[in-house]
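Each of the two complexes below includes chain A, the first together with chain B, the second together with chain C.
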Partner chain A sequence: MAEKELKDALAGLESGPQVTPTGAAPRGEPAATEPPSVRALRARFGAAVLHHTVHAQDEHVVYVVAEQLVEVMRWLRHDPEQCYDLLKDLTAVDYGAGRPLEVLYELWSVPLRQGLRVKVSLPLHALEVDSVEPIWKTANWLEREAWDMFGIRFRGHPDLRRILLPEDYAEGHPLRKDFPLRGRFSRAEQTRRALARADESSYTPHELAVLQVEPEPAAADDEGPQGAGR
Partner chain B sequence: MGLTERPQLPVMGGGGQEASFLTTRLDDVVNWARRSSLWPMPFGTACCAIEMMATAATKYDQARFGMERMSYSPRQADLLICAGRVSYKMAPVLRKIWDQMPQPKWSISMGACASSGGVFDVYSMVQGIDTIIPVDVYVPGCPPRPEGLIYAFMLIHEKIRGEALKNRALRAEDPARVGQPNLPAAVIAEIAVPFGNSTNQNKPSGLLSTSAVSRPTDRQP
Partner chain C sequence: MSTKSVEFLVRRTPELGMDGRPVQVPVLPDGMVPELHGEHMLINIGPQHPATHGVLRLVLELDGETVVKCTPHIGYLHSSFEKLGEYRTWNQVIPLTDRMDYLAPLIYNCAYAMAVEKLMGIEVTERCKVVRVICMELDRIFSHLLWVGTTAIDIGAFTVFLYTFQERERIYDLHEAFTGARITTSSTRIGGMMADLPSGWIEALRDFVDTLPKTLDETEALLTRNNLWVGRNKDIGVISGADALDWGLTGPNLRASGVAYDIRRDRPYYDYDSYDFDVVTGEQGDCYDRYLVRMEEMRQSLRILDQAIRRLPGGPINVGDPRLILPGKTDLMSDMESMIHHFKVVMEGVKAPADESWFSVESSKGELGMYVVSDGGSKPVRWRVRGPSFINLSALPKMVEGHLLSDVIAINASIDIVLGEIDR
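Entry: the complex of A and B
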């Protein structure tokens, strides 16, 4: 790296993250040609498909209206021409500076060997979108993670709880840009809270229900010596 | 690595002029037995645990020190080796394991993350396990080589060698401290002041720019 380039990079480190001057979220190139999936989406849903960009030559991204997300996703999953039967990833990106969060759905079709990225923009004051858990079961934990890290509410999710952080974590949603890197509480307070945490907050409600059930002696005896223990 | 030279630590609570011949000889025997058959409780949470496993394996072979029996139950362990970063979610687990270990017990904080939080100066990470449990030996390194861990064993041995049964305070357990932070809140706040190892992270300490930080002397505002 040239010396000047290095100096500029170090100066950039000092000044911290910068907002891109246009105020727009980073976008890919506008695509010259649309892949079949995007053309079919436009033909079927029209105005629900906001725009389409391409990253790294062949990664196609489709922005969809949040209200029609589930409808679009169900069609992408079940239409024989599309058949996106695998939800590879579901996460969110906060571009900071008050710009809307983007929830992204990484789809892959195993039989047709094609991929598609669907994105939904959510304004910071209304972080709500319908759950796709009924379509792909894997979205259950992925949406819980997005809720945990970004505070996005997924309507219709069967069990929207924190998944990585403890259940009684009180400092908010840490991957948001407005979250301070070291957390909102002092280290002393964080340590105190961690050690004062009730054991119950490390278990799921289901596990707690199992623990609270008194073992029945007759049933335990039937299972033999292994089943008799706690 | 200086493994041939024995590290010298001060003798704790015994061995002075007033100690009688009988008690010092008894201390010698007890301490020999304790240091020759330490049972480690491996608390491996990250990459340091790989080096800890290498220390246990044939080449470095911690069985030479009577430590081949890794105790996966804290009830039968003497030496807690915390190898790797500890998150706040894991902190009560670490504390509970330490509380479950019977006296006499010692602990090693292995690697930069366990000792100080290391590069993980973030919302989710404990900034040094000495805020959670008492630590006898800190091993620097990221991760430390097995030689480094073995040197920590040597230091623990030397520490045990200097202990005296006469010193009751050394192994006293305070029930009120079970499950509590190891340090007072003010001390935790003080040692958690940022090192300035990442961008724009010095504001809580009153320093405004990364370049303003040299080393520990000017860490405090």
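Entry: the complex of A and C
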């Protein structure tokens, strides 16, 4: 490799790889033209639509007010010109340093072949947003996962329990940036808790009712009420 | 047991009389049904059960033999891959991806690399595109072959398993020749592949593509018109197209319900729109259609593989950007600057611009989405996987409730889940 080329490359390591030129808008900036869905959203909901950005060349993101999320989503799902009938993904991002969490909804319209990402920002002291489970059934497990991993409460969810971690997991919500990689408790404490788990904690309240077993009262040191929103 | 389920049983397993005609088992007329509605029973299937394909636990509430309520309990294999990814550089995440879906590891490798490349704004070389298409289609067959074999075992046909695993063994060999590993391939890198195809590999692949149809024909001869197979699968686990979309089903499960949604067609990547293949759909949305769709998809994948082998261009497999790609081994050992270059790329990692990207490919199980967020550093702020199995499994209660206990096994097998990706 030519020496100069290599020098450039080493200097360039700081800035990351070279972008293949495509002539698209620069990253993360408001696009010059808004896609039809965003224009229609602005026309209908006005102030509920906060702003619109473009990411990775062609991914359109709309930030909406959390209070009007369900209203906006229901319209996006049922309006014949939007028709976002597939909720592809629902998850959250924690940027750390006390910044608000973002919940994102990745939508796709199968008949119209168009996609849109809707986001809401939630400040750390009020991690609550309305559930979109009545609109897309997919949201049932995805919202449970977001609750499990980030501690976001989805109001109106029919069965908001932890999904990947056990219901009596007491160390918090692992994908938050303030959660240490190996957990909050010592290995000894984690083992003790795993061995001391009651059989009843492996069943949902409904299943315990079928078994005619009374659910165990929540342990005093667990954070929050068990299975909130139930 | 209710009257309805008695009729259901009679229709499905007719007893043959002396004259070879089904014996009509009398169903008690209304009003004469004995009062058998007692307590509901709760049973656990799993987490250690061969028919759950991993460590899935299903808690079933039964009324007699009829499923009233089904609750999947997952998380027994939780490894917090997404959290681990936040502590690794962009390239170091790749080994985590194939440990999610070890039944189609190359698809996961490719999907992750493609999402990060989109985030960084890199376009890979033409040769790399075709090689990745070959990888993804090969692993689609890899995964569907396992599905046919294990589903047949779940339902009680053992021979098919031997037929399909013999073919899978040949794909394992292809994996091994290309990547050095049989399951945990980790073969992609940001901006290209770990290595170019070894010599003789394309010929071996060509041989595989030419001979697999014979095994597929044999498998279909064993199953498609098999009375037991049809009886266990037809009209079982029916889900309509509208319901399937509502529950977020994707891939063969959605297409079996008649919705022709295939990302390779609807939002093409890697010139999939220039390949000639059909999007296979079913009509009934039952277990049998899901079987037919997967069998036909393997044949379509063979068509794509055939075209990809023909069009495989020469040239470099990696992009020519030294900020992304390591220097060659000879340079590294003989040239000081290359050594420094190698050191810096490995130790500091590749930096990605502060941006985000949600990118999805059509995996063997459905839509596989990768969401990557960067703050401008060499590690992801968030790496999220939209696992198709996770979302397909969430629709299982919808499909099994009202069916018999033995159908739960057939339905659970038909949606093709892999627990490594569900539990992550």
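Here, the second predicted complex is superposed on the first by the 178 of 230 C-alpha atoms of A that agree within 3 Å, B and C clash if a C-alpha of one lies under 4 Å from a C-alpha of the other, contacts with A are read in each partner's own complex, and residues count from 1 in each chain.
The rule we apply is simple: contacts are C-beta pairs under 8 Å (C-beta built on N, C-alpha and C of every residue); 3 or more make two chains touch, one makes a residue touch a chain.
Keep in mind that what you see is a predicted model, and the values were worked out from it rather than measured.
Contact with chain B, but none with chain C, is seen for A:Glu171 once the two complexes are overlaid on the shared chain.
Taking chain A as the reference, the larger set of touched residues comes from C, when chain B and chain C are compared.
In the superposition on chain A, contact of A:Leu181 is made with both chain B and chain C. Once the two complexes are laid over each other on the shared chain, residue contacts for A:Arg197 go to chain B alone; chain C is not touched. Overlap of the chain B and chain C contact sets on chain A: residues 13-14, 16, 165-166, 174, 179, 181, 202. Chain contact summary for the complex, chain C toward chain A: residues 40, 42, 59, 61, 69, 71, 73-75, 78, 80, 82-84, 87, 118-123, 191, 245-248, 250, 259, 261, 266-267, 319, 321-324, 327, 331, 337-338, 340-341, 344-345, 348, 350-360, 367, 369, 371, 373, 375-376, 381-382, 384, 386, 390-391, 394-395, 398, 423-424. Across the interface of their complex, chain B is touched by residues 13-14, 16, 165-166, 171, 174, 179-183, 186-195, 197, 199, 202 of chain A.
Put simply, chain B touches chain A in their complex at residues 88-89, 91-92, 95, 121-124, 126-127, 131-132, 179-181, 185-186, 188-189, 192, 194, 198-201, 204, 209-211. Per the touch definition, chain A reaches chain C in the complex via residues 1, 3, 5-6, 9-10, 12-20, 22, 27-28, 55-57, 59, 85-89, 91, 93-96, 104, 106, 110, 113, 115, 117, 136-138, 140-142, 145, 149, 163-166, 174-175, 179, 181, 202-204, 206-207, 210-211.
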